[in-house]
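Take a look at the structures listed below.
The following pair of complexes shares a single chain, chain A, combined with chain B in the former and chain C in the latter.
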Partner chain A sequence: MSAVLRIRDLSVSFTGARGALVRAVEGVSLEVAAGEVLGLVGESGSGKSTVGLAALGLHDPARTRIEGSVEVAGTEVVGAPESRLRGLRGSRIAMVFQDALAALSPFHTVGAQLAEAYRVHHKGASRAEGRERAAAMLERVGIAAARAGDYPHQFSGGMRQRVMIAAALVNAPDVVVADEPTTALDARVQRQVLDLLAELGRENGTAVLFVSHDMGVVGDFTDRTAVMRNGRVVEEGTTARLLTDASHPYTRALTGAAPTLATLPGSRLATVDEPAPVTPPRPAAPVVDGPPLAELAGIRVEFPGRRGLSVRRPEPVVAVRDVSLRIEPGRTLGLVGESGSGKSTTARVLAGLQRPTAGTVRFDGRDVSDAARDTALRRELSRDVQLVFQDPYASLNPRRTVEEIVTTPLRAHTRMDRDERRERAAGLLKQVGLAEDRLDRYPHEFSGGQRQRIGIARALAVRPRLVIADEPVSALDVSVQAQVLNLLMDLRDELGLSLLFVSHDLAVVRHVCDEVAVMRGGVLVESGERDQVFEAPSSEYTKELLAAAY
Partner chain B sequence: MSTIRALRADRTGMAALCAVLLFVVLALAAPLITALYGKNATEHYGQNAPGLLSPEGLPVLPNGGISGEFWFGLEPGLGRDVFAQLLYGMRTSLVVAVAATAVIALLGTVLGLVVGYLGGLAERAFTFVCNVLLAFPTLLLLLALSPVVKTRFVDPGENEPVWMQFTVLILVFAAFGWVPLAMVLRTTVKSLREREFIEAARASGASRWHILVRELLPNIWAPILVNVTLTLPGIVTAEAALSYLGVGIDEPVPDWGRMISRGAEVFYDDPTYMVFPGVTILVFVLAFNLLGDAVRDALDPRTAH
Partner chain C sequence: MTGYVVRRALQAVAVLLAITATAFGLFFAAPSDPALIACGPKCDTGQVEAVRHSMGLDRPVAAQFGDYLGGLVAGRTITDVDGSPIDCPAPCLGYSYALHQPVLDAIADRFPATLSLAAGALVVIVVLGVGVGFTAALRRGTRTDRLLSGFTLVGASVQIYFLGYALQYLLVYATGALPVPGYTPFGSSPGAWAAGLALPWLVLGFVNAAVFARLSRVQMLESMHEGYVRTARARGLSTLRAHLKYTARGAGAPLVQLLGLEAGALFGGAFITETVFGIDGIGKLAVDSVVQNDLPTVVGTVLLAAFFVVVFVALADLLVARLDPRVRLV
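Moving on to the complex of A and B:
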């Protein structure tokens, strides 16, 4: 087999602040044959996306220096004039981006965008031909041709990613570069999209360069895999071999970092610093007799519907209907569901940030349903219930120092003076594994995983009894996710916390939680002890989710 | 810190900052400078000493009477010293502009912050008031208001006291000037309010006051600073324009706008007299505008490294 994408000794440097050169990629050599899927795996900052962009010659020549060679179907890309690159891009080599909503034009219909992509490289093609080809491509990726007249925002995330794939394949390119194409999608949809991409690749003999941080996804989908770290390829080989018998410890750490449905629940996960942790098995926390710490009974949440042209009052949108949950003291409840299932709304109700339309919320026996409206009650509730948020970039105020962020709850709930607060903040940072001397830094000076540690330190500042973690690791790289999960489990055991753990990732929930509740479309589908839900799920939906999980 | 570094790397911005600081120092040190210079801003040198002004009131020496004694020449008619007048005129401009800008910054920040955070009814009322104020013909109002203030508060035959002239100007500029700042801040705060870190603060039990002052305020310094550096030169020109039209600061307080107005009257006979205040205002306002641009660039994370 001949390689259609041949990368030799590729080095990419960016001009940073004050003219300094920053090496992003150094001496990378890769080959992808026709019909082959090559995975390119690494953490953020490893240079994997830079390689993908270099394959299309998409780097800004004014700010990047590229050395080495990239050949696409026999044509050299490095140093090629823009006119030659234009002929190549979209026609011989195409790209599927992570964020389909950002990559598609919001003001043009998807049909028009596909037709345009086709006509750019087929000068003689008429508008009708373009339309026909677009409709055929949409049908091929599983979207009814009748929807060609719809705009990107009218599609769901998975459908949009299908449109992206259709746009990439409309000119039957030799190579497709897919940069984290499914990272933002739910597991079930992710699987469908990947299956489609693999199928189309095989059908047309297209080579796929698949860039991802998730070894689990790569393992399922690729023939060969290259592992990148700090701009270099540390290991390359058949995916099957890398998964079972990697020679580089970094590869082993990446593989072991993501919990799977076979991982021993509660065990320490492998991290880059600790590729093979020794773990005593952790049994599920015992069920204690007595009243639950927190209880949701018959919760219903409605949001006012969007007002259309009609004069009538719009129908409210029901986000959560009749959900009842109990959190026992010292135990961890996992709340699982896909996006739009109402799991985050349910968590917000418990935290007193969202007022339930009906139903009662009890904390420690006390009715706190009104906390979202009653400021005094919410403050009292937040003394015992704290949150860890999903996005470590958005949930920390960029203009406040770490000390100020971590001590916010202390200011609200304690009478500590400045020095006492600082001392407590230093202790908290140590507890979450950060150096104490970083108290005066700002959030942007930290990496994603470190920021999430800061968020956890903030949640623990007033020693709450219940911590609600809303997708605390879904925005993080797999290897960082492992570190944060290890930390959360350690702290939970050390402090005897109760935890509500909201996640879309079944494997993570199975790993962390004692009890599991599954939500779909605002309804509680199933709930019970962890082993019971995972080994003998009672609902069809849970079975479907389990089948899609890695 | 990175903001200051970015500003220091901007050569135009640094030059503008130096010019602005020079103007401020000159204005503050005006009494000292004129004492060393040996002239003051109010004395009618041309009328008191013979041989300086012609019988028509024009300077005898060429170029508006520039000489070793009168560096920038003499005022036609009254015969005051132009250099001293310019220095003291700068004080007038700066007092009005700085005071009005301070009131604007305070009002705009408080209103924009509170209304943006509260939303709802407060916001609707705010938008209405803003629209009304934006629809007001400010200049016409000032022209109409000036004689009213005079007749209402000042006894006939007496001059309007200087403090009253200043106060009226500052209040009128402030009353209309806060609108753009408050509107910008309101939209900024509205988008900040939806950010997760505000919810995180709420979830950790923070009070409204804490969220407004400690979470939101640090995030809107950039628009406030940019607005202030661009409002100030605007008020300098507006004040000069009002004085030119005769509703700003009256004699004998030195004022750039009135100097230009007098310069226009005698332009054919003594063009030099127009040049000094004209060029000074131009440089003064240009320096402030360039500084405002530099501040905006320095605060923008996309241009600053």
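Moving on to the complex of A and C:
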């Protein structure tokens, strides 16, 4: 088999601030044959996406220096004039981007975007022909052709990614570069989208360069894999061998970083710094007799519906229906569900940020249902209940120093003076594994994983009794996710914390939690001890979720 | 959509009512006497009182306001200074004793000039502002960018009366390239209409284009980095085409909003430009009426200006919703 994508000795440098060259990719050589799927794996900043963009010649030539060679179906890309690149892009080599909502134009219908992708490379094609091609391609990826007139925001995340795939394949390219195509999707949808991509690739003999940070996904989907770190390929081989018998410790760390349904729950996860951790397994926290720390009883949450033409009050949207949960002292409850299941809303109710339409919230025996409306009550509640958020970029004020961020809860809840607060902040940073001399830095000076540590330090500042972590690791690379999960588990044991852990990732929940509750469409479908839910699930939905998980 | 338009129209009526009431109230609070002005300097106290009575100025403010609103909807009969009745059909904006004509007629006489001036200036603003902004954004960081940005800064900082007189001297009196500026109705001679307004259009447009150029440059630069622009290029579109089709679309909404406000303001009159070029438009009418304490005309022009702002802002919102299907009209 001959390679349709041949990358030889590729180096990419960007012009940084004040003209300094920053090398992002160095001496990378890869080959992908027709019909083959090559995984390109690495952490954020490893240069993997840069390689993908360079294959299409999409870098801004004014700010990028590219050396080496990239051949697409025999045509050299590096140094090629824009006109030749235009002929290749979308025709011989196409790209599926990560976030389809951002990568598709919100202003044009999906049909129009597909038709454009076709007609750019078929100059003689009429509008009607473009429409026909678009409709056929939509049907091929499992979307009714009748929806060609809809806009991207009217589709679900998985459907949008199908549209991206359809647009990439409309001209039957030789190579598709798929850059984290399923990272933001729920496991079930992710599996469907990947199956589709694999099937279409096989059908047309398309070579796929599959860029991802997740070794688990790559393992399922690729024939061969190259592992990148700091701009270089550190290891390359058949995916099966890399998963079981990698020679480079970094590869082994990436492989072991993501918990799977076979990982020993509670064990330390492998990280890049600690590729083979040894810890005794942590047994599930014991069930204690006595009242629960927090309790939701018959919670219902409604949001006002969309206002239409009529004068009548619109039907409310029910986000959560009759949900009851208990969190025992010292235990961790995992709340699992796909997007739109109502799990975050439920967590917000417990935190006193969302008023339940019906039902009671109790914390430590006290009725706190009104906390969302009653500022004084919410303030008292936040003394004991703190939050860790999903997006470490959005949840820290960029204009505050780390010290100010971490000590905000202390200012609100304690009478500590400035020096005492600073001392406490330094202690907290140490506790979450950051150097205490970084108190005066600003959030943008930290990586995503470090920011999440700062968020955790802030949550722990007032020594809360319950921490609510809403998707705390889903915005992070698997290797960083492993570090943060290890930290959360350590802190939990050290401080005897109770934890509500909200996540869409079953393997992560299984690894971290003692009890599990599964939500779907605002309803609690199943709840129980971890082993019971994972080994003998009672609901069909849980079984489906488990089947899709890695 | 229909529901939105109805709600929006009701909103507009409420805004206009509030503005009319405020203008009315402010004028009564001001220390001047319309009756004295209407009657003239030679009137004695008794005559002024008689005029005051015949004008209805001795009635409570609320009643006068009610009469005014009634006239607006159904028309009314107004008593002149000498007691003779004047018929004022709906929409009656009152009668100007200073101009000796119904306010609506005074406005109607001058509106074509303002309409011509504003429409032409808007074209200049859009073409020059957006053109300069987009070009600067596409060539960001280059000498072209700096030159164009400097050019717009000149526009933002220069005064109409300075630029207006300077250009008038250069293009009209020194070289004779253009005729003396002024308003000729389009109907009587389209050529003279355009030639007479060319300079006012340019000056008013240039001065107001600066804001547009700056905003469109910033918006373009922002939406240039959107994922969908990169997708378009990955599809094989040329960079320029990707920017024209996708970046410009992404940058459009705030520009349309600003244009709506600008259009509303210009249609309400452009006093300085009208004065500099001797065009008898709404702007001059409004300022003259304030100077002469001509209450009905003041309220009428204020109402007219507010009407245009409200209408154009609503139109801009509708257009934004057309441009971006994600926008929900609520």
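Annotations
We take it that the second predicted complex is superposed on the first by the 550 of 550 C-alpha atoms of A that agree within 3 Å, B and C clash if a C-alpha of one lies under 4 Å from a C-alpha of the other, contacts with A are read in each partner's own complex, and residues count from 1 in each chain.
The definition used in the following text is that a contact is a pair of C-beta atoms (placed from the backbone, for glycine too) under 8 Å apart; a residue touches a chain by one contact, two chains touch by 3 or more.
Computed from a prediction, not measured in an experiment: that's the story for all the values here.
In the superposition on chain A, A:250 contacts neither chain B nor chain C. In the overlay built on the shared chain, the residue A:399 is in contact with chain B alone; chain C does not reach it.
By the touch criterion stated above, A:155 is placed in contact with neither chain B nor chain C.
Applying the stated contact rule after C-alpha superposition, one finds that A:389 touches chain B and leaves chain C untouched.
In the superposed model, A:412 makes contact with chain B only, not with chain C. After overlaying the two complexes on the shared chain, residue contacts for A:120 are found with chain C alone; chain B is out of touch. When the two structures are aligned on the shared chain, A:541 is found in touch with neither chain B nor chain C.
Judged by the touch definition given at the top, the superposed model places A:363 against neither chain B nor chain C. For chain C in complex with chain A, the touching residues are 2-3, 226-228, 230-239, 246, 249-250, 323-326, 328, 330.
Residues 16-18, 351-353, 375, 378-379, 382-383, 386-387, 389-391, 394-400, 404, 408-409, 411-413, 455, 458-459, 461-462 of chain A touch chain B in their complex.
Remark: chain A residues 56, 58, 82, 86-91, 94-95, 97, 99, 102-107, 116-117, 120-121, 151, 153, 167, 306-310 touch chain C in the complex.
Chain B meets chain A in the complex at residues 195-197, 199-208, 210, 214-215, 218-219, 221, 305.
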